[in-house]
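Two complexes are shown next, each including chain A; its partner changes from chain B in the first to chain C in the second.
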Partner chain A sequence: MAAFTQTVRSAFTKVPRWVYLTAAWVLAALFPVLNALDLVQTAWIRVGVLSLLFALLALGLNIIMGETGLLNLGYIAFFAFGAYTTALLSSPKFDLHWPFAALIVVSALVAMLGGFLIGLPTLRLRGDYLAIVTLAFGEIVRLTIVNVPTLTNGPNGITGIDFLKPLGPGVTARLQSAGLPQAVSNLLTIDKPTEYYYLVLVCVALGALLLSNLKNSRVGRAWNALREDELAAVSSGITASRMKLLSVLLSSAIAGFAGSLYAYYSNVISPESFIFMQSVIVVCMVVLGGMGSIPGVILGAIVLQALPQVIRESAGAARSEFEVYRMLVFGVIIVAMVVLRPEGLLPDKLWRGQAHEADPRELERTRQTLFDLEEGEQDLEA
Partner chain B sequence: MRHGWARKSLVLALAVVLCFGATGLAGCSGQKESTEETSGQGPVETIKVGVQTALTGPLPDYGDAAKKGCELAAKDFGTFEMNGKTYKVELVVLDDKAEPAEAAVVAQTMVDDGVVGVIGSLTTGATLSAIPIYAQNRIPLISGSVTGPKANESGVDTFYRTCWSDAIQGEALAAWAQELGAKKVVLMDDNGAYAVGLADVAEKALKSAGVQTLRQNCQSGDKDLSAQVANIKEFGPDAVIFTGYHPEAGLLRKQMIESGLGDVIFMGGDGIKSTEFIAEAGGTKNAEGCYATFGGFPEAQQPGYEEFAAKYEKAYGAKVGPYAQNNYDAFGALIAAIKAAGSTNTEDIIAALQNLTYEGVTGTFSFASKAEGSVARGDIVVEGLTPANVPRYVVKNGEWVGVE
Partner chain C sequence: METILNLDGVSMSFGGLKAVDDLTFDVTRNEIVSIIGPNGSGKTTTFNVISGLYEPDSGDILLKGESVAGLRPDQVHDKGIARTFQSLRLFSNMSVLDNVLVGMHSNSKSGLVASMLRLPSVRREEAAMRARAQEILSMFPGRFSGPRQSQAAGSLSYANRRRLEIARALASDPVLLLLDEPVAGMNPMESHELMEQICDLRDAGYTILMIEHDMHVVEGVSDRVIAMDHGVKIAEGTYEQVANDPLVVEAYLGKRSAHTAS
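Let's look at the complex of A and B:
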């Protein structure tokens, strides 16, 4: 039996990585075709859009959490910055209707500014302390949104956000009045779940590409060094504050970008979307998928977002009666995943070793080395 | 190997959960079959009605009551004759966890399922994010519990509600303050959606009647309101309307009396109409003479309440949960609209809802066909209800009693 699993495992590892990755992207791109053929309900496309939006968020959080090793429990606040920026500048609230191209950049910049403001004073904190500060930050942002009704409509949320027009409202209107065929003119407005799906899929693909290049660059290596041992990293010439700030800025910009897409997608935003629980869910996606692993966190996001719907639909005819137990099963499955695969679904090479207990022989060897070193020091002092 | 025991117990736990699921499945499908056999005369057509609510998340008791209200209604109105055919309603109950993102997925699932109408959702955020999807797919959505005046700000013709909008109370408070002869009124809210919405409506109504107003606010959970009390004292009003909930209302009343503002008329919405308000205001003496309106007729005045409560208690062995009768009415109104339309086409049902007058548990009502003043499109229009006869209460001898 053991020999058999060994053969299967080696057969799987022999297939090059790019084959798996290509297959995954092709499958993701073909998913809406199933809906067009009526094999899959439209609700699944919406689950797909949400999964991919959260995959973007998880990719962003992975930069600070997975690569740089800074725990952020208020990450959803940056998502809120992006969503509210877009909502305010493209809704009847102030009767502003900025074009998509400008808003997506402005939303990312606003979230980045938020990241800068919180990052500057807090990055000297480590571990638990940073977690507490970021948690508080996330709640402050949400409570501020609730309590400034003149700007954000408070708990009533902002409704009637414009439909996403990639070319901007002006150009689209001019093109449409120029007498384009209906089919082409419909494509100028992104308002159907499938259209959003492809838009977000492209964004996730670009994000993954950018981040995997960054991961293997000087900057990525510096982040990893800081995560493993800050003192050692600083003494090797890495400017810790600059590198940490860079990672916070980039991750908050990605969250702002995702927030902007979310505002367009949902047409309505309210503070209930940015509660602490959502921050926790994104952290879970990163941890469950595999910290520091780009395919891992994307898979983690998809699994966590899709699982509730999978459980719902698998109850079949008893769906209505089973709804109450759905989140219970969800919890059991998550606990199972954490127990069975503590390193994550698709772990990063560096993290794989850390999730399991160390080999006792390895520990003994380390202890011996430390002991030898201490003895050496004592010799020197003597 | 190290994880051997953990793996085993986990597999066991999963097996137990799956067994529960399977028995649940078997039990339910059994029930369904038996009901179908009894209603077997003539051609039977099954139509689906959705119930989108929050069974898990922050308000499971409200969600459960909504579900039960709809289930009772399905029992009472769910089988009906139309055009020589027997129609039978199948409820599709889905949980949106009161989460806006999940609410969109649930709404789409309902649409995919081919429901002819949906009762829901429970909370404002979830309902707001579901409204555009139902509007786009032309499916009527009737909520029995969303009271925020701005829920249908976009004015779609697919959203209706069978509970009173907070705007009704806002108008009533403004009218009452004027009846009491107030010329200068302070409006104070707690920055929450409910309180701000109510105060906005009341402020607008008072201003348009030429009453001088001052707006103040606090945070829910505040333990000291002396700054606001000082502002109120400086303004010198005849009446103070606090639109939030009883803890801050009680505190405000207490601190106002302490600074010699005991003679100012003190009013509030249904957030303060609770016995706790009396204790929080510092006892019977302090609370005496405070006024409150209420966002619905008292249960004794609801024509069908007694019968409904008996049915509910018999079916579930529990007291009627919050908004259960409003959800019951929502379902009833939807079926009445289907019958009035003589069709299960959603376009026809939407048209019928706009012209429907329905005799429900809570009273006879119709739906507003257009936005007008503080009334939004699809809001409940209760027969014979004016700002002057919204239920009014006053504290007398340490108890809230109705004002005739």
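Let's look at the complex of A and C:
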């Protein structure tokens, strides 16, 4: 039996990593085809869009949490900045209808400004203190949204957000009046779940590519060094405050970007989408996926976002009674994952094993082996 | 000879305790200077003051005539002072190679956006850094070869971790290298090997200030020895001069009683 599992495992590890990654992307790209073939309900495409939006959000949080090692329990606030910026500037609320290209940038910039404001005073803090301050920040942002109805409509939220027109409303209208075929002109407005699915999928793929470039660069290594040992990092010439601020700014910009897409997609936004629990869930996505691992974080987001839906669907006929216990099952699954696989679903390769509680006897044995090896080497040299 | 480091009346106290008291000494180019002294005599505090972790209460620290007192540790590193730590401070979850590459942070300049897009300039810089890292790691023949470079630094043996810390400090081509107990915890054979490598570094043009307890190593490598006790410099000179200095003997062994003295 053990030999069998060994064989299976080695067969899996023999396949190069890029094969798995390509397969995953191809599968993700083919998912809406199942819907077109009527094999999957449109509701699942919607779950897919939200999962990918949260994957984008988790990628952003991973920069600050996984790479730089700073816990942020108010991350959803930056998502809210992006969503509200887009909603206010492209809805009947103030009768503003800015084009998509401008809004996506402005939303990211507004979130970055929020990141700058909270980042500057908190960069000296670490661990528990940072957690408390970011948690408070997230709640302050949400409560402000609720209590400033003249700007945000308070708890009612903002409705009637414009359709997403990548070329902007003016150009789109002109092209449509120029007599484009219906099929082409439909593509100029992104409003169907499948269209959103591909838009967000491209964003996640681009984000993953850019961030993995960054991970293996001077900046990424500086962040990792700060996470591992700040004292040694600054003694190696890394300016802690600057690099940390850079990390906060980038991660909040990504959240703002994702928030903007979310506002377009959901058409209606309200403060209850940005509660503390959402921040916690994004943190869970990063931790369960595997801190610092880009494929892991994306998988973590998809699993955690889709899991509640899967649980509900699998209850079948008993759905309505089961609804009550849905979050309970969700919780049990999370606890089980943390106990059985604390390093995450797809961990960063160097972190493997670090998360597990080390058996002191095992450690001693490893140390002895290493020592013997070294001795042997020296004897050979001598 | 050109003076590299110059400490001028440096004092540092914590509350009522004077950890370093009016300390003055020089280090000249291409020299290995060792600081010795019993535990708590202010050796590591001296290192922390030089490397910018503490700001001295009074006095000045000059690197090639330029004051570095009161600068942040990263600024001091930029000026050319790199150090190792007595209690190993490696980036345990990063690979051996990445640890060395972090040491080159101040010698490289790729920014956030350029790195994300992996522009040609970034690739060139990265390739040059990796080549240099290989050169540095090869100073410890056989220790960091091949697959070991992609291992987590935390999985290395104790002696190799000490070697990797030195490699990381060397990565920035420092003007002055501070080594805090480089052979602590090594067996005699390993410490002898490292001793020879430290001498090689001097021959390669580095200037080294070192804290060491192992007198065999201190004797073997030092051009000059400084002895400290209770934050004060009590002796300075060649190893023989310092080792036979009555104040140094007293600091290590205690005062000779009146009975045995007579």
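Criterion: the second predicted complex is superposed on the first by the 359 of 382 C-alpha atoms of A that agree within 3 Å, B and C clash if a C-alpha of one lies under 4 Å from a C-alpha of the other, contacts with A are read in each partner's own complex, and residues count from 1 in each chain.
Operating definition for what follows: contacts are C-beta pairs under 8 Å (C-beta built on N, C-alpha and C of every residue); 3 or more make two chains touch, one makes a residue touch a chain.
Since the structure is predicted, the reported quantities are computational estimates derived from the model, not experimental observations.
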Of chain C and chain B, partner touching more chain A residues: B
First, second, both or neither for A:G259, with chain B first and chain C second: neither
Which of chain B and chain C A:L231 touches, first, second, both or neither: second
Touched partner set for A:G119, first chain B, second chain C, both or neither: neither
Touching partner for A:G66 - first (chain B), second (chain C), both, neither: neither
Partner chain in contact with A:S217 - chain B first, chain C second, else both or neither: second
Which superposed partner A:P347 touches (first chain B, second chain C, both, neither): neither
First, second, both or neither for A:A240, with chain B first and chain C second: second
Common ground on chain A, meaning residues reached by chain C in one complex and by chain B in the other: none
Of chain A, residues touching chain C in the complex: 210-211, 213-214, 217-222, 224-225, 228-229, 231-240, 246, 250, 350-351, 354, 367, 370-371, 373-374, 377-378, 381
Residues on chain A engaged by chain B in the complex (per definition of touch): 41-43, 45-47, 50, 146-147, 149, 153-157, 159-160, 191, 193, 262, 266-273, 308-309, 312, 315-329, 332, 335-336, 339-340, 357
In the complex with chain A, residue positions of chain B that touch it: 2-3, 6-7, 10, 13-14, 17, 20-21, 24-25, 28-29, 32, 51, 55-56, 91-95, 97-102, 104-105, 108-109, 111-112, 123-126, 128-129, 131-132, 136, 148, 150, 153-154, 191-193, 196-197, 219
Complex interface listing, chain C residues touching chain A: 51-53, 72-74, 77-78, 82-83, 85, 89-95, 98, 101-103, 105-106, 108-112, 115-118, 122, 125-126, 129, 142, 152, 154, 156-157, 159-160, 168-169, 172, 189-190
